[in-house]
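Encoded as structure tokens, the structure appears first; notes follow it.
Read from first to last, the chains carry the letters A, B, C, D and E; within each, the first residue is number 1.
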Amino acid sequence: MSVRIEGLTAGYGRSAVLRGLDLVVAEGELLVVVGPSGCGKSTLLRVVAGLLPGTAGRVLVDGVPVRGTSRDRALVFQDDGLLPWRDALRNVELPLALRGVPRAERRVRARGWLDRVGLAGFERHLPRELSGGMRQRVQLARTLAQEPRLVLMDEPFGALDARTRSAMQELVMAVLRETGTTTIFVTHDVDEAVRLGDRVVVLGAGEVDVRREAILAAVMG
Amino acid sequence: MSVRIEGLTAGYGRSAVLRGLDLVVAEGELLVVVGPSGCGKSTLLRVVAGLLPGTAGRVLVDGVPVRGTSRDRALVFQDDGLLPWRDALRNVELPLALRGVPRAERRVRARGWLDRVGLAGFERHLPRELSGGMRQRVQLARTLAQEPRLVLMDEPFGALDARTRSAMQELVMAVLRETGTTTIFVTHDVDEAVRLGDRVVVLGAGEVDVRREAILAAVMG
Amino acid sequence: MARRWVLRVVSLAAGLLLWQVLTASGVRLWLRFDQLPTAVEVAERFARQLTRAEFYGDLGSSLARIGLGFLLAAVVGTALGVVVARSRVLGDLVQPLLEVVRPIPAIALVPIAILLFPTDEQGIVFITFVAAFFPILVSTRHAVRALPTTWEDALRTMGGSRRQVLVRVVLPGALPGVFGGLSVGMGVAWICVISAEMISGRYGVGYRTWQAYTVVDYPGVVVGMVTIGLLGRVTAGVVELLGRRATRWLPGEARS
Amino acid sequence: MARRWVLRVVSLAAGLLLWQVLTASGVRLWLRFDQLPTAVEVAERFARQLTRAEFYGDLGSSLARIGLGFLLAAVVGTALGVVVARSRVLGDLVQPLLEVVRPIPAIALVPIAILLFPTDEQGIVFITFVAAFFPILVSTRHAVRALPTTWEDALRTMGGSRRQVLVRVVLPGALPGVFGGLSVGMGVAWICVISAEMISGRYGVGYRTWQAYTVVDYPGVVVGMVTIGLLGRVTAGVVELLGRRATRWLPGEARS
Amino acid sequence: GGAASDEVAVVVGYQSKTINTVTAGTLLRELGYFERRLDALGQRTGTRYRVTWQDYDTGAPITAQMVAGRVDIGSMGDFPLLINGSRTQDMGDEGTRMVSVTGYNARGALNMVVVRPDSTAKALSDLRGQKVSTSVGSAGHGTLVRALDGTEVVVENQQPSVGASALQGGGVAALSQFVAWPGQLVFAGQAKLLYDGAALDHPTLHGVVVRKPFADARPEVLAEFLRAQLDATRYLHANPLAAAESVAAATGLPPEVVYLYNGPNGIATFDLSLKSVLREALRDDVPLLRSIGDIAELDVDRFIDDGPLKAVYEGTEDLANPARITGEDPVCGVPVADPAAAGEVWFAGESATRPAATPDCLLKQVKQAGKQVRAAYVPDAATGTRWFAEHAHWVRDGDRFLPFATEAEAAKRGAVLTYAQALAGA
């Protein structure tokens, strides 16, 4: 899926967080968005996901204006969006259940994804019985199970230790590349941004498009 | 404040997360705890804070066994512990209000802390109207306003971009050093661990005490 | 905003019209509307009532009784609901008693209230109190039980005492649920106003309505019901308004 | 666990003892216990009732009526509560009507129920339905409004439809609040059983209690109250148990 | 309602506690006469009949059910009857008709005003400014309004049972109610009689109403009902004590109280006839009723339909109670005849009462027997109202003792003695 954002203005109530933003993401590309805290990265993802309507400008996905959400556009939430009454397994099953995958099959597939994010044995734990990093991994598993064509990730590895993080990065990147999934990836980890991104955008600084080399200076100040 | 942990076993329900842990933190020291996701870092902090009783062993703070919480031992939560019905300012005021600081004074002080974490102008925002990084900074401001003698931080800079993160690190370290506050600091950022810690402990690997040099290898695998 | 009010008025008007059509034409399809008073009959009677001083006296005394009973119930019900939810021992001690008393009909309390209280007014207030008390208690208990632990943990690590946890976390956190209970409690208090005012023997809209029934005066009964309905609507509206102000931090409240 | 049950039994026993002491010694300190039946009198009467077939017939018919009315109220109340909370237009259309009907006393509905329904049983079930309906509706509405938006957002970005959001997020998320409402609703249904069974003219514990009062048979009234109290306790217990099973994921429920 | 097509359902609404209606309610139901007659009728016509009895605490729900078409035959007191007629008047032939009387008291003694036993009030005028509980729109209320005759009291409108609690609890100073309530409260020692409705000498009655559509559609059922009511009335006259015990068992009222009203020479006279004095009394009640509520003028003569009754029973204008105390006085050794003097004693453990020719004979009989007395009944020397000897007020008149139901009436005749004093003096 390709994304084209033209003159987007969006915000909450009367105050605009994003003003006249232009941005293009090509099919299969992985765009990294960085920027200072509160600059509107999460807001941008919410608009592309279709959760928040912009007040001006357009967001085109595959040339079609975004109107509401779709299972093709998955969002990994910054603060976990797990349903507290479902255990880890059933949270991962959720996107499969929504599109009517039979119970037995979705159970097998969800279990497979939980395994891959290193949570075998925690299938029956409720979200509140998991550590922060574990919850984040459940969310990743859920997103991968959804098999979307566009993934919007909001600091998906933020709560992971270095070792787990690189394992997750490897896993997620492999899946995304393999399926040719377009990705918008918000992070505050410069190293991650540079290592994973095809391209990096710094938000909040006049929406500059920068090459990998320039990003270090721009963010580190 | 000094902390001495002797043979601590703790967990949830029947399963122990920490088993026979021994650990010492000297007065004014900054101990960094790292370890894989789900190894029990947050659990350890909860025990020291007095939120979770251990099932075996002892936790001594200044030689006295921990029994319940105290305003001397502040905890910065991994997923923010802000009260959703209080705006940023009133959340920061909270520890001051609890110990009876008069309204006018605590307002001034809370405002000062919010300023220092870069949130001037957001005093009246409710937590749900703040970005993830902003909420984390409100929590930091609140903890500093509390003026504890022992600070337990659970990935306090996890949601911050590099620039904001280093500003916050500087601020927090300056305050902690200045007041001689003892600190246990959980992070998954190796760079941070090495840069800030007086000493680094790797949890979940037989609780090894390691020097700065050894940590990189141990965590990066 | 204007559109919303239009909708609301349309809704009420449609309800009235339906009532008039059904009763005036005496429809009998399973439900039988042929003997019910028509909307016009009731409106005429209502208009007549509005010119009588007695009517306002009734309003005043019923409002005072419900108001007092409800206030007492709000204070005691919230307090006890918190206690029962937070303290296992007190919960085990108090709850069995409360649970058995809870479903006792207000009307069955009439003789007890008469024999127990020195004056009629006290008995009436007692019955409205009991009526409002239990919904408030139960909702508070549920709301307190459903609170996430993080907020309490946060306050405790700031050195908050048990009392401070109650005041700063439990009460505000449970407030949405408590206001749900207050709203229901106000409704139930009005539901029991007739039973309560059976004691009265003289004033009150509940008394007047029952009186109309004892002489089989249906328009009078319906006027009483409508009056109680409106009074209930207004008082519950006040409670809901206060509730919305007190829980403005909720995402859902901002929406509506 | 054993200790908890001891506490509960002790609590009930202490309540009974207090009652016996106050009434038997005829205490009159502001409240007047001198005219009330003693616990022993009531216990004797209760034991006698237990030997009568009629008593069990009453239990059965009241339980059936309350059960049916409550079930209807649970289904309709939850559904409408969700609708009113989620759809602004439907809310504006439906709510004004409901709000005016909500505080109408069950007992005032007696004549209406008699005139409106073809049979007495339908009228009785209607009144218990109305009684239970509103607490369920209001609690559901409050619970749905208080839901955090993240869960819904999560489901929608997974491609969940409006209906799926309702089934997978709104209903389970609001469940703690809904069960609070169901519990209150069950209580209110019992509160109105006497009013409802006034229509009956034949069976039911509510009818029997009121009949006892019409011959000023206070022990009989109290036996009726206790019976209703126990029935209410048991039915509300069933609701609470179901509620606790359905909301086991809540931190507070694990605690208790 | 809800009958199968080959079955005729008859729903009878009654008030078990209003024992003046037992011949169309509690007693008739216990005896099963109506069902038996319908079975016999069914044998002839090939129709099945099913009777449902519904017991209500006041007349209002019966009227409501009749308006809704769900109760076919109902019984209630005079004011509720008038309300019933007035409310259904607009329905024309869909409305209701009064078809028979159950019981009456020609002087109005069915309604009385009682006060707490420790009350110092001697007459209604002593209640000035105090609270009096009554049920507005009931016979007890009518009596109170007539009897007060301008005395200003605060009328508390309460259900009878609520009023009884209020009297006990001290919320009101007096209670004005209809049958069974005054006798029941006095018998239980919870009240004493202040005013006997008989002093008004205005008849009060209870009667039977039927839904006109039902009467038109099923005249044969109505006829059988009236015949059954007649049977029950005759049974009551012939077996007063058994009838009282049966009613007491069904209602929970003490048999002594039921027998006070429904026994021979009792306060209630049972007779189906729609006597002209009773019609007149109803007509007199209409203006009073209209003054208390939003009630339409009622055409009493149209409301009363004596056709169905005429078809099964001749009727009489005689006001004498057909149930008399008879037999021979076991102590005085004279035949018991004069209803104005005759009394009865019911000794504990005995299954029959013993007659007494005069109050003096009764006192002697009690004294000689030395047995526990369940209840003793004497007629008021002025009004003839049957009352408990124990709760009567006695006056010595030469060598005779005269009982009076109220202390005020007794005081007019001389020094008032208690039952114990009279017993000692006899």
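Throughout what follows, a contact is a pair of C-beta atoms (placed from the backbone, for glycine too) under 8 Å apart; a residue touches a chain by one contact, two chains touch by 3 or more.
Just so it is clear, the structure is predicted and the values come from calculations on it, not from any experiment.
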Chain labels contacting subunit A and also subunit C: B, D
Intercentroid distance (Cα basis), subunit C paired with subunit B, Å: 47
Geometric centre distance via CA averages, subunit E-subunit B, whole Å: 85
Distance from the mean Cα position of subunit E to that of subunit D, given in whole angstrom: 40
Multi-partner residues of subunit A (each touching 2 or more other chains): 79
Multi-partner residues of subunit C (at least 2 other chains): 32, 35, 110-111, 115-118, 213, 216, 247, 251
Numbers and ranges of subunit E residues touching at least 2 other chains: 64, 67-68, 159, 161, 165, 168-169
Chains that touch, pairwise: A-B, A-D, B-C, C-D, C-E, D-E
Residue numbers on subunit A that touch subunit B, as the complex places them: 12, 34-38, 41-42, 78-80, 118, 129-134, 137, 154-155, 158-166, 188-190, 219-221
Residue numbers on subunit C that touch subunit E, as the complex places them: 32, 35, 110-111, 114-120, 123, 198-202, 207, 211-217, 219-220
Touch list for subunit A against partner subunit D, complex: 46, 49-51, 68-75, 77, 79, 81-86, 94-95, 97-99, 126, 128, 142, 146, 152
Complex contacts: residues of subunit C adjacent to subunit D: 4, 7-12, 15, 30-33, 35-36, 85, 88-89, 91-97, 99-112, 115-118, 131, 134-135, 138-139, 142-149, 176-177, 179-181, 183-184, 186-188, 190-195, 206, 209-210, 213, 216, 218, 221-222, 224-226, 228-233, 235-237, 247, 250-253, 255-256
Sites on subunit C touched by subunit B in the complex: 150-151, 153-161, 164, 168-169, 172-173, 175, 247, 249, 251
